[in-house]
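Next, two complexes with chain A in common: one pairs it with chain B, the other with chain C.
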Partner chain A sequence: MSVTYGYTGKILRVDLTTGKIWTDDTMKYKDYIGGEGIGYKILWDEVPAGTHPYAPENKIAFGAGPLCGTGVPCSGRTTITSLLPTSPFHGAGSSHMGGYFSVEMKYAGWDMIVLEGRSPKPVWIRIEDGKVKLEDARWVWGKGIFDTMAMIGSQMGKEAQIAAIGPAGENQLNMSVIRTGTSHSAGGHGGIMGAKNVKAIAIKGTGSVKVAATPEELMALDKYMMSIIGANNQMVIPTVPLPWAEYSDKGSRWTGRPGLYWGAANPPVETGECNPADMQSVGKRTQKAVFDLGAGAEKYTVRMGGCAHCPIRCHAQLNVPQLEKYGMDPNVSNTCVGWSGPRGVMSLVGIKEFDGNGADSSIVGNGIGTTMVDDLGVWCNYGQIGRDVKWFYQKGVFKRVLPAEEYASIPWDMLEKGDARFLIDFYTRIANKQGELHHILDGSAWIAQRWGLGDDYWDAKDNKLWTRGGYPVHHSNEAGGQVGALISCFTNRDSQNHSHMNFIGNKLPIALQKEIAAEIFGSPDALDAAMDYKPMNEAKARFVKWSMVRGRLHDSLTLCNWMWPMAVSPQKDRKYRGDTTLEAKFFSAVTGVAKTEAELDKDAERVVTLLRALTVRSMGTVDMRNQHDNTNEWITKADKDKPQFTPGTIQMEKTDLELGRTMVYKLFGWDEKTGAPTKATLEALGMADVASGLGEKGLLPV
Partner chain B sequence: MAYEPGLVDALLERIRADSARTVLTPAVELASLVPGGTDAVEVLEECAEDDIKMMRGTRDLYFFSELSMTEPYARHLYRLAEKDPVRLIAETTRDESKTYPRPTPVSTFDDSPFSMTKAEIDAAISKMAFDPEYADIHTVKASNEDVYLYSATYLTEAHAAGLAEWASVGEKENP
Partner chain C sequence: MDTTKSALRLAGTGLAGAFAAAALGCVSFDTRDGKKVKVWATSSGAIVHDPNLCVGCRRCESACTIKNDGKVSAYISRIKVSRNLNYGVMGVTAAYQKADGQHGNFRIVGETCRQCSHPACGDACPVGAITADKKTGARVVDAKKCVGCGACQRACPWGIATVDPETDTSTKCTLCGGDPNCVKNCPTGAIKFYPWEEAEALLFGPDATSGATDAVSGATA
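So, the complex of A and B:
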C-alpha cells in the first residue's frame, strides 16, 4: 500500500454475527474526507432503507479524520455514525465524544472501526495495533461504565483507551451513550452497541500518524493557530475587565483571571492574567467549573481536563468528598450539558439544600447526577430529559401513565424538595429498564405516541422541542435568529452545530462582529444584534450554509466543532479577526494534498448532501420542506405580546422561515420546492451513485 | 522647549511603572518629579511618547501607558479615581448598552476592578433614580432575580429584558 499522510489508510471491519474481522481501504472513501463523512457513505452503501437501528443489519462506525492524531489543536474527537433510535423514521446521525479514543485508534493503525451484525454473546473488542480479538464480556455485562473501564483496563493496561456502554446501552434504550475517558460521552448510539452485544472497545496503539509537512512547518502552523485560539467555544474576551482587554462579558467562558483558582489543587493554581500573548496560559483561560457550576465550585476544582491535542481544557475535574457518602467516587468530571443534563431532572424546583450538604448541596447534587449518568450510560437528549420530567410531573402525565404501584414507589417528595438523592433513584430505575417510567428514555417522538402526548407537549415554549422528530433546540433561534433556527431544521437529532455559535457567542461588540461577518458572508446583515432580529436575507442563508458545511467538515476531519471554526481571535492587533482558512491549511500540511478553503468546503458540502440523501431515503419522501424541515408551533407563536422582528424576542415568523429554507435549498443546489437534493447537484458533487440510488426509489425531485 | 536631561524619561518611567501595576498616574503625583516652575502636564503634552495617554477628570488629570493597559480598562480606573459611584455605574451601563449591546448585571460592580460593596451599589442605584441626569438608566430583572441596568437611550425595555433573561437563565440551560 502506498504511504498515506494523515490517514492510516485502513478501516477495521468486524462482523459480530460471524466473528469475521477484515480490513477495508480508507482511501476509496477519500471524497468524504473521514470520520462522519465516511460513516455516512458506509451507511448509504451498506445499510438498506427501513433497517431498524437495533437490527444486526445496521452498522455503527467509530470514525477519526485525517487531522486526528497529528497534534493539530482540538483534534481529539471521535465521530460515531449510525441510524438514530430516537428518530421516528430512524434517520442517520452522528454522536461525538472527545477524549483520547480516536487518537489511540489512529496510533493502532485504524482510521475507523465499523461494527455490523450481532454477537451471539456479550463481547468486548480488544485492539492492540493490528491485532484484533473478540473477547468474552459476560463478566462485565451489567456493570456500570466506571467498573467496566477499570476491569477491562486491568486486562489491557492503563494506557489503553476504552469506549464502553452501561446498563442503558445494554438494555437497548434509545437515550443511551457510549462513553470514553472519565467524562466523554457520545449520546444516542449506546443502544446500538447493546443490540450488537458489544460492551466495549479497548485500544492500544504504538504507531503514529504520518504527516506530509516537515515538523517545523506543522509547528509553525500550530503556533499560528495558538495565536488565533480563544477560550472554550472560541469566546475571545474575559469575564471581567482586565488590563490587556478592551472588552469583557460576565457570560464569557474566558473565566481565567487573577484571584480565580483551581482551588483543590495542591498547591492551589491561580488561573491568572491569561494575556492572549502568553501561549503558556491558554489552558488556564477556561476555568469551567465556576462557569458550569457556579462560584462554589472553585474550592473543589483540582484542575481542568479535556481531550487529546486540545489546549483548551473544558472538562472541570473536581474532588467532592461528600460524594463518598452516596457510595460514589469523590473525583468527578464533566463539562456543559454533562452537568446540566443530569441535574435538569431536578428542574421542578432546582437542587436545594439536602442531606446536610448545606450551601454546597448544588455541587454535591451535580456530582451525583453526572456520576449516575456517566456510570449507567444515560443520554439526556441535550437536556430534554429534565424538561420532560418537569412537564410530565406538573401535567399529571406520570400519574396517568405509570401503574399506581410504580407511581407510589417513586420518591416524588425528594423531587419536590430539591433533594438530589432523587437522581439516584430515578436514573437507577430508567437505566435498568424498570417499570413504565423507563420509557422516558425512548425519546420524545416515541413517548409522545406511547403516552398519548398532544400538541400542548410539542408546542410548549418551555419544552424547547424543535420538531416532531423529537429533538430539542441546540443553539437554534436564540442563536442568530433565522441562522440558528434554519441550522436546526436539517438534522435528525439536535443539530450539535457550533460553527455559528462560536461566531455569534464570541462576546465581541456587535459592530465588530458585523464587520467580520461582512468579510466572511458578504454583508454585515448576516448577523443581527442578539434578540433584535431582522427579516431573512441572502447573507444569513450563506451564514447557515457555511455553518452546516463547517460542522460536517469538523466532524469528518475530526476537529472539535465546540472550538472550530476560527472566525475570530482574541488579538487586538488582528482587529479580532480569526482565520477561516486554517482547516484547509492544516489539511494540506498533514495530508500533502493541497486544498483551498473553498475546495475543502466543497468536500464537506458533499457530506451535508449525503446526510440529506440518507434522510430522504429513510423517510421515503422528497418532501423535506413539509415532512422534515418544519418546526413546532412555539417557535413562531410563543411570544404573543412581542411581535416578530421587534427587539426582545426570539420568535420567528413562518413565511420568513420558509423563505429562509428556500434560500438555503438554493445555495446547496437542492430542489427549491421540496428541499431534496437534485440529480444535477448530486452528479456535480461526484455523487452519481447516490443520484442513481435515489432515482431507483423515485426519490429525486421532478 | 528643552527640559533638563532625564526629566521626560523620569515622567514616562513613572507612568509606565504605575500602568504596569495597573494604576493610573494622577497629574498631582507627577509634580514632585519636575523642578519648581515646571508643569509636568505641559512637559508630557509636548514630549510624551505615543503609548502615553491622558484622561481629564473633574478631580485631576490621569495618565496611563497603553503598553500595559487598554484605554477601556483605563477608563474603568479613571471612573473609580473620580470617586463618583453614581456616575461610574451609569456611564459603564451606557457604554455596555451602546457597544455590545447588552444590559449590565448589577453584580458587575462588586467584581474586579470595581469591587464596590453591596451598600455602595444599592446607594448609587437608588440615588440615580432621583437624578434627571440619569433618567435613561433603568433596571430590569431576570426570572432568577438577577438585576440588570440598561440605558434606554440604546436599549428598549423589551430588548433589555430579553437579553437579561437569556444571560441569566437561557444561556445556562443551553450551554
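So, the complex of A and C:
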C-alpha cells in the first residue's frame, strides 16, 4: 500500500460471529472524508433498511479522520456511527467521545474499526498495532467501566487506550454509553456493543500519522491557529475585566483570571491573566469546574483535563473526599452535561443539603451522579432522563406503571428531600435492568408507547422534547431562534451541533457578532440578539446549512465541534475575526490534497445528504417534512403574554419554521416539498449509487 | 553526579586534557585496569516536566515528533506522557483509584531525557552513534550510524531512548538544537528547559519535582 498522509489507509473489520478479522482500504471511501462520513457510507452500503440495532447484521464503526493524531488543535475525538436504538425507526446517527482512543487507533495503524455480527461469548478486542485478537471477556463481564479498564489495562499494559461498556450496555439498554478514558462518553450506542457481546476495545499503537507538509509548515499553521482559538465553545472574552481584554462577560467559559485557582493542586495553581498572546496559559483559560459546578468547586479542582492534542481543557478533574463515604473514588471528572445530565434526576427539588455535606452538598451530589453513570455506562439522553423522572413522578406515571411492590421499594423520600443518595439507588436499578423502572432507559419514543404517554408529555415546554423521534433540545430554539431550531430538525438524536453555538455564544457584543455574521452569511440578520428573535430569512438558512455542514465535517475529520469552527478570535487587532478556512488549511497540509474551504464543505455536504438518505431509507418515506422534521407543539406555541417575535421569548412560529425548512431544503438541493434528496442533487454530489438505491425503493421525490 | 568520579581513575592523560576533549563531545580513555571509560561533556541542561501543571493534552508529544521526525507519534516522542497518562509510572495496580494517572488522582507524570552525565544509552551503543551535541551537549543519535539494535533502549534506566519501529532507528531527546519544541507548545507551561545545575537538582535531587524519580528508586545520574 502506498504512503497515505493523514489517513493510515486501513480500516479494521471484525466479524464477531465468525471471528474473521480483515483489512479494508480507507481511500475507497475518501469522498466521505473520514470518521462519521465513512461510517454512514458503510451503513448505507452494508446494513439494510429495517435492521434492528441489536441484530448481528447491524454494524458499528469507531471512526477517526485524517486530522486525528496529527496534533492539530482539538483533534482527539472519536465518532461512532451505527443505528440508534432510541430512534423509533432505528435511524442512523453518531455518538462521540473525546479522550485519547482515536489517536491511539491511528497510531496502531487504523483509521476506523468496524464491528459486525455477534460473538458467541463475551469478548474484548485486543489491538496492538497490526495484531488483532479477540480475548475472553467473561472475567470482566458485569463489571463497571472503571474496573473493566483497570483489569484490561493490567493485561494490555498501562498505556492502552480502552473503550468499554458497563452493565447498561451489556443489558442492551437503549440509553447506554461507550466510554473511554476517565470521563469521555459516547451516548446511545453502548447497547450495540452489548448485543455484539463486546465488552471493550483496547488499543496500543507504536506507529505514527504521516504528514504531507513540512514540519515547519504544520508548526506555523498550528501557531497561527493557537492565536485564533478561544476558550471552551470558542468563547473569546474573559469573565472579568482584564488588562488585555476590551470586553468581559460573566457568562463566558473563559473563566481563567488572577485569583482563581485549581485549588486542590499541590501546590494550588493560579489560572492567572490568560493573555491570549501567552501560548503557555491557553490550557488555564477554561477553569470549567467553577463554570459547571459553582464557585465552591474551586477548592476541589485538581486540574483540568480533556482530550488528545487539545489545548483547551474542558473536563474538570476534582478530588471530593466526601465521595469516599459512599464507597466511591474521591476523584471524579467530567464536563457540562456530563455533570448536569446525571444529577438532573434530582431536578424535582434539586440537590439540597444532605448527609452532613453542608454547603457542598451539590458538588458531592454531582460527584455521585457522574460516578454512577460513568461506571454503569448509562446515557442521560442529553439530560432527558432528569426531566423524565420529574415529569413521571409529578404526573403519577411511575405510580401508574410500576408494580406496587417495586414502587414502594424506591426511596422517593430522598428524591423529595433533595438527598443525592437517591442517585445511587436509582442508577443501580436501571443499569442492572431491574423492575419496570429500567424501561426509562428505553428512551422517550419507546416509553411513550410502553407507558401510554400522550400529547401532554411531548408537548410540555419543560420536557424540552424536540420531536416524536424522542430526542430533546441541544442548542435549539434557545440558540439563535430558527437557526438552532432548524438544525435540531434533521437528526435522529439530539443534534449535538455546536457550529452555530460556538458563534452565537462567543460573548462578543451583538453588533460585532452581526458584523462578522454578515461577512460569512451575507447579512447581519443571520443572527438576532438573544431572546429577541425576528422572522426567518435567507441568511439564517445559510447559517443553518453552514452549521450542519461544519458539524459533519468536524465529526469526519475528526475535529471537536465543541471548539471548531473558528469564526471568531480573541484578537482585537484582527477585529475579533477568526478564520473559517482553517479546516481546509489543515486538511491540505496534512493530507497533501489541496482543498479550498468550499471544496471541503462540499465533501461534508455529501455526508449531510447521506445521513438524510439513510433517514429516508429507514423511515421508508420521502415525506421528511411531515414525518421527520416536524417539531413538538410547545416549540411553536406562544408563551403566555409574549407573542412570537417579541423580546423575551424563544417560541417559534409554525409557518415561519416551515418557511425555514423550505429555505434549508433548497440550499441543500433537497425537494422543497418533502425535504428528501433529489436524484439530481445526489448525482451532482457524486452519489449516483445512493440515488439508484433510493430509486429502487421508490424513495426519490417526484 | 558529575564526571569527576570516573575521571579520577583515568590514567595517562591529565584531567584538564580529558575535559578539553569532552567539551567537544565525548572521548574514550583506557583506565589503569584496562577498562574503557567515556568522558562526556556536561549537557547545557535538560527538560523537566511538572506533574502538577500538566493537563495531559500531549501537545508536547506531537510537537516533538513533528519537529524531529516529520510525522506524529506518541511512542517515539522523546518526552513520555502517554504511557503514564492512565495509571502513572507504576502502571495498573489494585489501588489505581489512589495512584497517579487519569484513572487515579489525575496526576500526570511526564518523563523527560535527563541528558545524564554518564548516559547509559551512549555508553551502551555498540557503534558510537550517540554523542554529545557540540552546541547543546544533548546526547544525540546519529541516525546514519545507528543500527537500530535497541541497546540504548534497554540501557536507559528511564525508558527514554526508543527505537522507532517504522525506521529501525533510535530516537532520543535532542533538545531541538537548543529550542525544545515541547517546551514551546505546552499550553500550561508545565515543561521547561533548565540549565544543567538546576535541571540536575530537579531531576535527581532530594526534592525532585519530576515524577521520573519515582520510577527507578535509588537511580542516580
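Throughout what follows, the second predicted complex is superposed on the first by the 701 of 702 C-alpha atoms of A that agree within 3 Å, B and C clash if a C-alpha of one lies under 4 Å from a C-alpha of the other, contacts with A are read in each partner's own complex, and residues count from 1 in each chain.
Note that in this section a contact is a pair of C-beta atoms (placed from the backbone, for glycine too) under 8 Å apart; a residue touches a chain by one contact, two chains touch by 3 or more.
Being a predicted model, the structure only gives us computed values, none of them experimental.
By the touch criterion defined above, A:P241 lies against chain B but remains apart from chain C after alignment on the C-alpha atoms of chain A. Of the two partner chains, neither chain B nor chain C is touched by A:G63.
By the touch criterion stated above, A:C310 is placed in contact with chain C alone, chain B being left untouched. When the shared chain is aligned, chain B comes close enough to touch A:D532, but chain C does not. With both structures placed on the common chain, the touch criterion links A:G166 to neither chain B nor chain C. Comparing chain C and chain B on the residues of chain A they touch gives the larger count to C.
Residue contacts after overlaying the shared chain place A:G207 against chain C, while chain B stays out of touching range.
Once the two complexes are overlaid on the shared chain, A:G187 sits clear of chain B and of chain C alike. Only residues 52-59, 62-63, 65-67, 69-76, 82-88, 91-92, 96-97, 101-108, 165-166, 181, 184-189 of chain C touch chain A when the two sit together in their complex. Those residues of chain A lying in contact with chain C across their complex are 69-71, 100, 103-104, 107, 129, 146, 149-150, 153-154, 157-161, 181-182, 205-211, 214-215, 218-219, 222, 265-267, 269, 279-284, 302-311, 313, 317, 319, 329, 331, 333.
Those residues of chain A that touch chain B in the shared complex are 240-247, 249-251, 257-259, 292, 336-337, 340, 344, 383, 473-475, 478, 507, 509-511, 529-532, 572, 642, 646-650.
Interface of chain B with chain A (complex): residues 19, 22, 68-73, 76, 99-102, 105, 107-108, 111-113, 155-163, 166-167, 170-175.
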